[in-house]
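The two complexes that follow have subunit A in common; it is paired with subunit B in the first and with subunit C in the second.
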Partner chain A sequence: MIRLKNSSSNSKKKQLDIHAPKHFSLILVIGLILLLVTVFASLVLGARVVSFQELMDGLFYQNQDSYGANVVQKRISRTVFSLCCGVALGIAGVLMQSVTRNPLADPSILGVNTGASLFVIIGITFFHINTAGQYIWLALIGAAITAVFVFGIGSMGRGGATPIKLVLAGAATSAALSSLVTAIMIPSTYAMDQFRFWQVGSVGSGSWDSIAIFIPFLVTGVIIALVSAPALNALALGDDVATGLGVRPGMLRFFAICAGVVLCGVTTALAGPIGFIGLLATHAMRLVIGPDLRFLIPMSALAGAIILTFSDVVGRLIGSPGELEVGIITAFIGAPILILLAKRSKVRSL
Partner chain B sequence: MSNTHVFRVDNLVSGYENKTIIHGIDLEIPRNKISVIIGANGCGKSTLLKTMAKLIKPTEGDVTLNGKAINKYPPKQLARILGLLPQSPVVPEGITVADLVGRGRFPHQSLFSGWSKKDYEAVEEAMEFMNIKEFADLDIDELSGGQRQRVWIAMALAQQTDILFLDEPTTFLDITYQVEILDLLTNLNRKFGTTIVMVLHDINLSARYADHIFAVKSGKLVAEGKPTDVLTADLVKTVFDLNCVVIPDPISDTPLIIPKGRYHVKDESATL
Partner chain C sequence: MRKQTGEVNFIMEGMRQRRRRWLFVTSILVIIAIGLCCAMLLLGNTIYPVNVVMRSLMGEEITGANFAINTIRLPRMITGVFAGFAFGVAGYIFQTMLRNPLANPNILGITSGSSVAAVFCIVVLHTSNTVVSIAAILGGLVTVIVMYFLSRGRSFSIGRLIIIGIGMQAMLDAVISYLILKSAQQDIAAALRWLSGSLNGSKMTEAIPLVMLVIIFTPILLVLGKQLSMLELGEQMATSLGVATDKMRVTLIISSVILIAIATATTGPIAFVSFLAGPIANRLVGVSASNILPAGLVGAILVLFADLIGQFAFEYRFPVGVITGILGAPYLIYLIIRMNRKGEL
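Presenting the complex of A and B:
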């Protein structure tokens, strides 16, 4: 209904600006190159550095009996698994941050990680459960119950589920659940042993089997995230403006949290709790491309995959001839970078 | 251009949790006109506007658009007819002007359609209309309060609705910006017949720019009509509990309210 008379010649350029963040294609290309480099490093580097010939053998299933080719093939599944985890955690991070409108929200902030851990430790201790296929359901149930619980508490009182109440409820719940985890684990040496490795977070156990379990959840979560990106963009302007634009904030939050819980719960079940990725990937990308979620969600997925895989490679190099679990590395890389990010005034609050 | 939407409020009761704020309001919004809601702080203006915009669910009564309750419309469809600018919207930091204005296009976009040519045009036109095209690529945080307010209104314009609700679009603005914003809104109304309902605190600017006034006191509608008919010293006394003298505005001939306090009156011992 509003008509513009003089569509000037540089209007084309303006249109591009609305559509994509500045230098978006350049950033995307750089990201993809980094991804390739990281994947390459993940296949080649580790306790045993493989030669180019061995890499080719492993990739194309030739010379099956050579040790190098075997190493490469193990690393292929490990790399794919770590990419999946990175994508899942990156997206779970953006979703949680958008929903709580809290720039520091990580899946762990709603206590989702801890809830998943608690259920897994209960399974290990009391039901002697020890396969990934069983962990995953326990972790998902734990993550979901925790999310519902935290959401329930956070919605009580005035104004429904405000960001600040959600974060407080999440932090309190998380603290309570952690002490439960410890209380259950300490008396049981069996659980300790089983749980210790899992609790640190590692992609070393990533096999094609766990990837197969992962994929359906990953795809579901990613689709929900991408589809809700425009509505989440509107939600960023506050619940009132969003409602005025035709969004149902309650329903949108519910779906976005579900997707976040599934992504983070499944990752936690298969790899153990890995912190910081969601936070790190999203913040790094937000600094570079800005807050538009239609771009931020896929780019955080990319960044998450790169950072996690890179951390895994670093863990293998530092820990050689054994390896350092990736959860330790992400904490080490993550913490200082996060402090740096937080110190730079350009870190965006939402 | 004009629109034919009939927006009615019948026997409306609403509020927060178990606190009732609006106690039975009936009104019909004049089509293609600018209406202004006036009333003292806390009398329920924002609550009324929010209930009319579906942000608050009425406890009793109906809010209807063309005879159909607004909550019966699919949300996006309603958002293509009715736009809202709340009193103090949240600004996500780091968002550019063009991006923010573009978010007003949400109700016009479907899951897979993405950005159409019409969307780009609407955004560009809205920015042109509010004179903010030169800021398109700037961060919102780099703008002054008045420029920022223009950006928000541009976002609402990009939504291209026939009815537009604005809660205090001129707060925090200096007098020049206030007049400018009201002029721009009048432009919008004259050019496209957009039905505008807004809350304003400056009663004299309300008198000048409104076609229709709704006066609210303690959650009830105490008067409505053309400013010249409604804005009397008696009404100001009722609604704001303020003594005043009403004279014709030398510029617009609309009522001009001259408040009378306890001091600085020519003869302080006189009428109080």
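Presenting the complex of A and C:
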């Protein structure tokens, strides 16, 4: 579909492929260990800390009557769900950043989340939908329309989609859409009550059902992202060079953006708007392994999963005996990163 | 020689013309504002005739009308006028000082800072109005100080400032959402005011601090306004014209933040008024004059007008912030498109 047409000889290709970033395997191992630790923490910690025995019971479905085992089983689905969301958001972040060649592109900053929200609230208010399966399609449509709109505005004029233009277009669109959201929500107490809880992103509602809905979209998005990674690398060199290397920039952008929008739209539909994961994961990983997207995409997925699950655990610990929704935690970790990026980047590139 | 006098005359004529235009526009704005104020008092579920309203305001006992007019409509009108004025003035000052229409307290996160403080006081601490107002002012000032330190760097860039502001806003809004999420069911309606500003349930006791602060700070800002227009020429130019730029900036910022914060504490963040008022006033009067007063008037008119629409145009009563949001957001997008086209960003 999208591939370097310029298929050079096999040996050359191999040479290209073995250029893994420095310490890649080490970083991968550290990442996997961190992932295991976070998953373990997510299963064990929370309002009630379970013992090792209870954890084992829960994991292997023994001793079903014990309270702790039930807690663990609830946490298993929650953890899997948050891993899925993290992967999706991490990849969506990389895709958007590389397609727009813009370090600040993130679904939440570009207003894509608000677009999804608007369509979901319209569905809740006017069509009384209330199942995750129905949320998804509305959220996807909303996210897609918003993405097209924001990119359209942001790339007008000289210099294409510069960070500041995109961020402003995103913020303005977000503001416009949230006025509409409020306008639709206020007359309906039913919608207000439903939406109040949906508005703050949380993985607490993650059940096996929602995971089952999530998986097909997630797999599609991940496959598109991985397949298009080499071509996106070429695109990073500029449209002309990419065309010379046999990439069709328009097609590539379209597919990559579609995958990004699907990933973040589905996550928003199921978990509510969770911001900044894509920004955080991608920048952290780019810092350690460099900009090669063939490695950056999977690693960002890993980092996204770790960060989101970790944030969820932190939220559960801080908010104990209730919980602090993960969307709030990620805003607090992510916004400083955005500020830091703005501070560090050169004036001209803003 | 003759040519020179001609030029001087020409310039003087231009100044006179601009002053005339300023006076003309300002008086028109005052008239519109007064008209809207009257409409706010007259209209409602029951439409009272003018003489009933007058008598009721004078303190005469009229059953029904007394409550509707003196207890509900008058505070609502006063709050609307003064909050709109405060938003307009503060927004204009920020936009002029930073020389960018996008750099308004909303986008820079200052309104959110005030909101967070106010919501926290209302939902968690259940404090009195005075404490809420003070907290909102402090919240706004702290946000400005943090913004200042964050945006200070090797070189100042408005783009950077705006992105930092958006980041700050994301954090602050997360806190507001959280507080609303955790608030008790019966507080939601009140708390929602903090998502979009509203004049519903305005009380005289809450309007008094707002009115007082607006009356205190507007003259200060008007006096400084002349220097502000010199500041607009650029830092170096202003310094050579004898403006103590730093001191004056600090005074201007603090005064406008106080105005924004007290208005936010009273009505909630009424969207886009601080952003719209300045550009509209500039378009009406012309950019050259000091447009603080017109900007404030435009702000007041916007709030009153939007509130009237929100109350009467639909079968459901919308809070004013929703209406200003729906009216203002397209303009913001238009402005961004125009700036993109011109390559100003």
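Structure notes:
Going forward, the second predicted complex is superposed on the first by the 291 of 350 C-alpha atoms of A that agree within 3 Å, B and C clash if a C-alpha of one lies under 4 Å from a C-alpha of the other, contacts with A are read in each partner's own complex, and residues count from 1 in each chain.
In this text, a residue touches a chain if its C-beta (ideal position, glycine included) is under 8 Å from a C-beta of that chain, and two chains touch if they have at least 3 such contacts.
Values in this document were obtained by computation on a predicted structure and should not be read as measured data.
When subunit B and subunit C are set side by side, the one touching more residues of subunit A is C.
In the superposition on chain A, contact of A:Asp240 is made with subunit B only, not with subunit C.
After overlaying the two complexes on the shared chain, residue contacts for A:Arg286 are found with subunit B alone; subunit C is out of touch.
Using the contact criterion defined above for the overlaid structures, shared-chain residue A:Ala331 touches subunit C, although it does not reach subunit B. By the touch criterion defined above, A:Leu26 lies against neither subunit B nor subunit C after alignment on the C-alpha atoms of chain A.
Comparing which residues of subunit A touch subunit B with which touch subunit C, the overlap comprises 158, 350.
Chain contact summary for the complex, subunit A toward subunit B: residues 1-4, 7, 11, 14-15, 17-19, 22, 101, 158, 227, 230-231, 233-234, 236-241, 243-248, 286, 290-292, 346, 348-350.
By the touch rule above, subunit C contacts subunit A in their complex via residues 102, 106-107, 150-151, 153, 155, 157, 159-160, 162-164, 166-168, 170-171, 173-175, 177-178, 180-181, 188, 192, 195-196, 271-272, 316, 318-319, 321-322, 325-326, 328-330, 332-333, 336-337, 339-343, 345. Looking at the complex, you find that subunit B touches subunit A at residues 1, 16-17, 50, 53-55, 74-80, 82-86, 89-96, 98-100, 102-104, 106-107, 109, 111, 115, 120-126, 128-129, 133, 136-137, 157, 159-160, 162, 192.
Subunit A meets subunit C in the complex at residues 104, 108-109, 153-154, 156-159, 162-165, 167-169, 171-173, 175-176, 178-180, 182-183, 186-187, 192, 196-197, 199-200, 275-276, 324-325, 327-328, 331-332, 334-336, 338-339, 341-343, 345, 347, 350.
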